[in-house]
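Listed next: structures, encoded as structure tokens.
What follows is chain A paired twice: with chain B in the first complex and chain C in the second.
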Partner chain A sequence: MKQRQALPYTFILPTFVVLAILAFVPTIYAVIISLQDRTLSAPGADFVWFKNYLQLFGDRRFLNALWVSLKWEVITVTATMAVAIVLGILMFDATGPRMRNTLTLIFLIPVLLPRVCAAFVWKFAFHPLYGLVTYPYRALTGKTLDLLADPNAAIFAIAFVDVWQWGFFFAVIILKLLEALPPQPLEAARLDHAKGWQIHYFVSLPMLRTALISLVFVKMIESLRSFDLVYVMTRGGPGVSTETLDMYAFSQGFIESGKISYASSMAVIMMIVTLVGFTLLWKKVK
Partner chain B sequence: MGRTVSRIVLWLMAALVLGPVVWTIINAFKLNVDLLTPTPKLFFNPIIDNVTYVLGRPSVLQGLINSLVICISSVAIGVVFGLPTAYAVARYPNRWTEEIQFFVLSLRFMPPVAVAIPLMLIWLGIGLYDSQIALIITYSLLTISITVWLAIPGFQRVPKEIEEAARVDGYDAYAVFFRVALPVAMRTLLGALAFSFVLVWNEFLMALMLTTSSAKTLPIVASEMSQLGMNVPWGILNAAVVLLSLPPLLLLGLLSGFMNSIFSNKSR
Partner chain C sequence: MKTKFAGLAASTAIALIFACTNNAFAQSPICADTVHVLAQPRDGLTLLEDYRDEFKQLSGADFQIDYLNEGDRRSKSQADASTIGKYNVYYVDEGNLPLFASSGWLVPLMDHYPAAYDYADFDAGRQQTATYDGKIWFAPVLGGGDIMVYRKDLLDAAGIAPPATLDELKAAVEKLNDPAKGIYGIALRGKRGSGDNVWRWMTYFKGMGGEWFKDGKPAFNSQAAVDATNTYLDLFKYSAPGTQTGSWDEATGAFLSGQVAIIIESAPLAGMTIDPAVSQVTDKVAFLPPPAPLTGGGFAHGFAIGSKANPDKASQDCAGLFVAWSTSKENEARRLAKGQSGELNRSSIFASVEFAKTFGDALPAALAATASHTAVNFWQDARWPELGNQWGIELEELIAGTRTDVKGSLDELNAFATNLVAQ
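Now for the complex of A and B:
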């Protein structure tokens, strides 16, 4: 009996300690760096306390990056959920077991691809001169179409790739969730002559409310990882129109000036906002 | 009627997934002359040179070895620390386990840049920057936490009766875990491990910041090929992309099985 009481400790405690070290050492160090004036070129560092943070709020490029990141979150989360719900319901309503299995396998492919690969594949497809996507436009108008060089369209082109990766994956999850629902309420609605979309709008989707909110939550977290796509497709350009926070922090720290303390202060702000924001959201959802 | 339209939409969507993927594979066998055409070319003289060039490059081979060593090691660390914790959370729930679950989840909230900058300085400071060990330790944070999360439902699906029966037969708590729960949940757990592998195989930002030459992983090597200058060797790039995407795609069957067992009716 004693062993049974001891097991949770021996199984959880070591893991907890390892995770805590791996997580807290870098985070605390990140805060310390953000209070200094470190650069990549010079070895020494002095404490400048909150100078980096104060400077950030006068930095128009930082404010732009905040705005771009916010836009990115809203676009990718809503589009992913919309695509996933529609496709999930279509699969649930209109397919037999064989087609369903085939589609499930196919729809899982995009999310498994390394983001770098997905970004490259679509970057080439969007290529103004040789791309597959831009080909119909070239053929019809004889002009070229450069989506990634258009300050207004670029963010949508990148978001498209993100939704391509996550929307199909979530569609499969929503299909599985629909399959796991008890069939009686849907049957009852059908007997009451509810139409296909009405059944889902009034019965099945409300039953999946908690699961759908969790999916939104997961997508919000994963959308924060936009870096790979942006880095490969536009590097934040044209201008700064697709420069998200992590892209800007990376270019401040590593491409342009090597100001790693400044980059770190940006990263710390991101961390605080996401930690506080998501913790509150999660507790509320629970 | 509606059913037919729905099916057509779904097949079009499947084409939207497969089209670009197949096109990339085809392009991996093209010369630049066939690749850089205003009208996409379906018929051409396929060549194997891109593939042999990519496979023959020392940097690619090095990246492949690095990726394999780093991913397999960090997934293994994730197993050693993650599976016991997941089992304890699944089978011995108390007021702490929910907090622990949330703590593990909250690790995912941390922006990778925020972790990568201090880690770079730490690894530089102790002379491990640009080493496989540094990346393995860094990635362990990812693999342990995702293994905990995905393995919990796997263990919850093991029928309690089996574990009770083993206990009656005189197995102690640890033997129940190692010799009963682990083998019974194995299929689901393999799926969880596959997810963990794909996650680190695809990781880009931290690898980019924590390596410069000797420990570069395959995603970094592949992305550098696109910056080879004005004459981008598109065919070679396509071949590299295919090579990089193969391991995750090979796990497709395992992952799809995992999705089925996780979301199937809980009452089994």
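Now for the complex of A and C:
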């Protein structure tokens, strides 16, 4: 009997060991490095313990990066979910099966495009002299519009690309979730003369609450990895107006000064903030 | 007809040079594995790939070049050299050479550079830029100083003489700027970075008498620095859209597409402006040295031998052979035959009849005239990238308008430099 209980663990153990190595070794290594004064240009390093962490809280760029990352999370998660819900409902209500399939295929294309390619394409589209997006403004006013050079607009321009990729993808998921709902509650609402928006607001979306919350969490985690878009489109600029935490950590580690330990301390803080924040949020929505 | 003759003459010259020197280089294959190279895109390197069979025959191995644009190449090569060291050959530049050399990421070149390839033939200024701590570290792929390229048609139409001083430049740029007609006075670099906005700003700083250090202490907040920054910001009012967060690509792209009246940029731009493949203003441009007192930013990029990927003498010799072959007289002659003026570095090529035939009189004369204006503007130290990048961010903030206090920004930079030097 004991042997039979032990057998599944025998098979699962190697997988767990591999996963544990992959997850914990780099994390522990990052924590150790963050307590040192390691740089790319010097082979050795000494332990400086919490010096890097203390230095971070007097670093205006780090504090700015925290604020930019928070803004980025709020903007991209909110906009992605809003776009996805609106498009998902529109496809569900206003299109037949063939059109739905066609739109589904089209809406999946942006997310299949590698992020770096998407960033380059849109960077060119936003170009003040040659860009497709800025063309109407040029044609109407005779002036140029440089969104990526505007400290207030740049983050929204990058967020637009993120939403373009993920909003359409999530719209397809929401459409499929709506299609999977039992039809009776929706039929009952229609018989009660509920309007289209009322059916979704009071019936279908509440029925999808758990799935939508999961999507929000997936997008929150995905939005934390904004590095590729920011790096290609603005590299954190103009100035530091789009410098997110991961962008700043990379700059310190590899672009500007080779301060690997300092960059690691940022990564550790980011990990802790994310873990604590997500755990609290998860418990609250549960 | 002239071009055809020049092409024929250059091809003959290549054949002769190769026939004469091939025996000198003939030796048993010395490379065991493919040579991995990290570089940034250059027409001359694309051309080099057409001759990979020649290198195979010479060395016994192939080569693989990975291309990244300037900023990415810098960060990738730093990350690679300091960690796994995958690349046998790195494309380095004047800015990161002190860091690479002092960190032990490179092998001194001359111990592995075959004498037959004649290193002494490289332009003396470029040899000097490739030298750090008394040793030569790279063979030049391109280099030079700054040149002013202007639109003759626009200046003539406005009745403006080509600016010879900074005040004349300011006046000309303001007068020529006409966004309603799609013409902008100048194209500068706004993108953060020691090799981007700071590279162009330095010519104003040094030209106005600025020094990085005075009496051994950082002097980044001097009056010269304030004046240079204010001048740079004033000129930016007339810089083409897209350059506020752009670099070489954006600034030169705006000029080559015919939307800019005057540009002061690194010398390789000059050849590009008369190349119909990339320029829409080939017959409308003229060249002069930068207006006084601007100092041309002396620079050189080139190939160097990586230390981690080449742990023994055999692999270092192999990498050295690639560096020598790729920058050889024959390959420069091939670039000359293709009209790639920006990627020529050898005195023998500059002095050749083919060079004069290919580029006429104006461009070579302008390039020669810039020599006396060229200077090493940056702080030649391993800590320069960190310092330059810090100022790059502050300068980009000033350009974008998220900062307005020039003196305060320079004071902040001075404090950063003082701290950096003390470490």
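Criterion: the second predicted complex is superposed on the first by the 268 of 286 C-alpha atoms of A that agree within 3 Å, B and C clash if a C-alpha of one lies under 4 Å from a C-alpha of the other, contacts with A are read in each partner's own complex, and residues count from 1 in each chain.
Here is the rule we use: a contact is a pair of C-beta atoms (placed from the backbone, for glycine too) under 8 Å apart; a residue touches a chain by one contact, two chains touch by 3 or more.
This one's a predicted model, so the numbers in the text were calculated from it and none came from an experiment.
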Chain B versus chain C as contact partner of A:T234, first or second or both or neither: second
Which of chain B and chain C A:F254 touches, first, second, both or neither: both
Larger contact residue set on chain A - chain B or chain C: B
Partner chain(s) touched by A:K143 [first = chain B, second = chain C, both, neither]: second
First, second, both or neither for A:P151, with chain B first and chain C second: second
Touching partner for A:M270 - first (chain B), second (chain C), both, neither: first
Partner chain(s) touched by A:L129 [first = chain B, second = chain C, both, neither]: both
Contact residues of chain A, present in both the chain B and the chain C interface: 129, 254
For the chain A and chain B complex, residues of the former touching the latter: 3-4, 6-8, 10-12, 14-16, 18-19, 22-23, 25-27, 29-30, 32-33, 38, 87, 90-91, 93-95, 99, 102-110, 112-117, 120-122, 124-125, 129-130, 132, 135, 138-139, 164, 168, 172-173, 176-177, 179-180, 196, 221, 224-225, 227-228, 231-232, 245-246, 249-250, 253-254, 260, 263-264, 266-268, 270-271, 274-275, 278-279, 282
Chain C to chain A touching residues, read off their complex: 71, 74-75, 78-79, 82-83, 99, 102-103, 179-180, 190-192, 240-242, 244-245, 254, 257, 259, 382, 385-386, 389-390, 393, 396-397, 399-403
In the complex, chain B residues that touch chain A: 2-3, 6-7, 9-10, 13-14, 16-21, 23-24, 27, 35-40, 81-82, 84-85, 87-89, 92, 94, 96-97, 100, 102-115, 117-122, 137-138, 140-141, 144-145, 148, 172-174, 177, 198, 201-202, 204-205, 208-209, 219, 222-223, 226, 234, 237-238, 241, 244-245, 248-249, 251-253, 255-256, 259-260, 262-266
Residues on chain A engaged by chain C in the complex (per definition of touch): 40-42, 61, 127-129, 142-144, 146, 148-151, 234-241, 251, 254-258
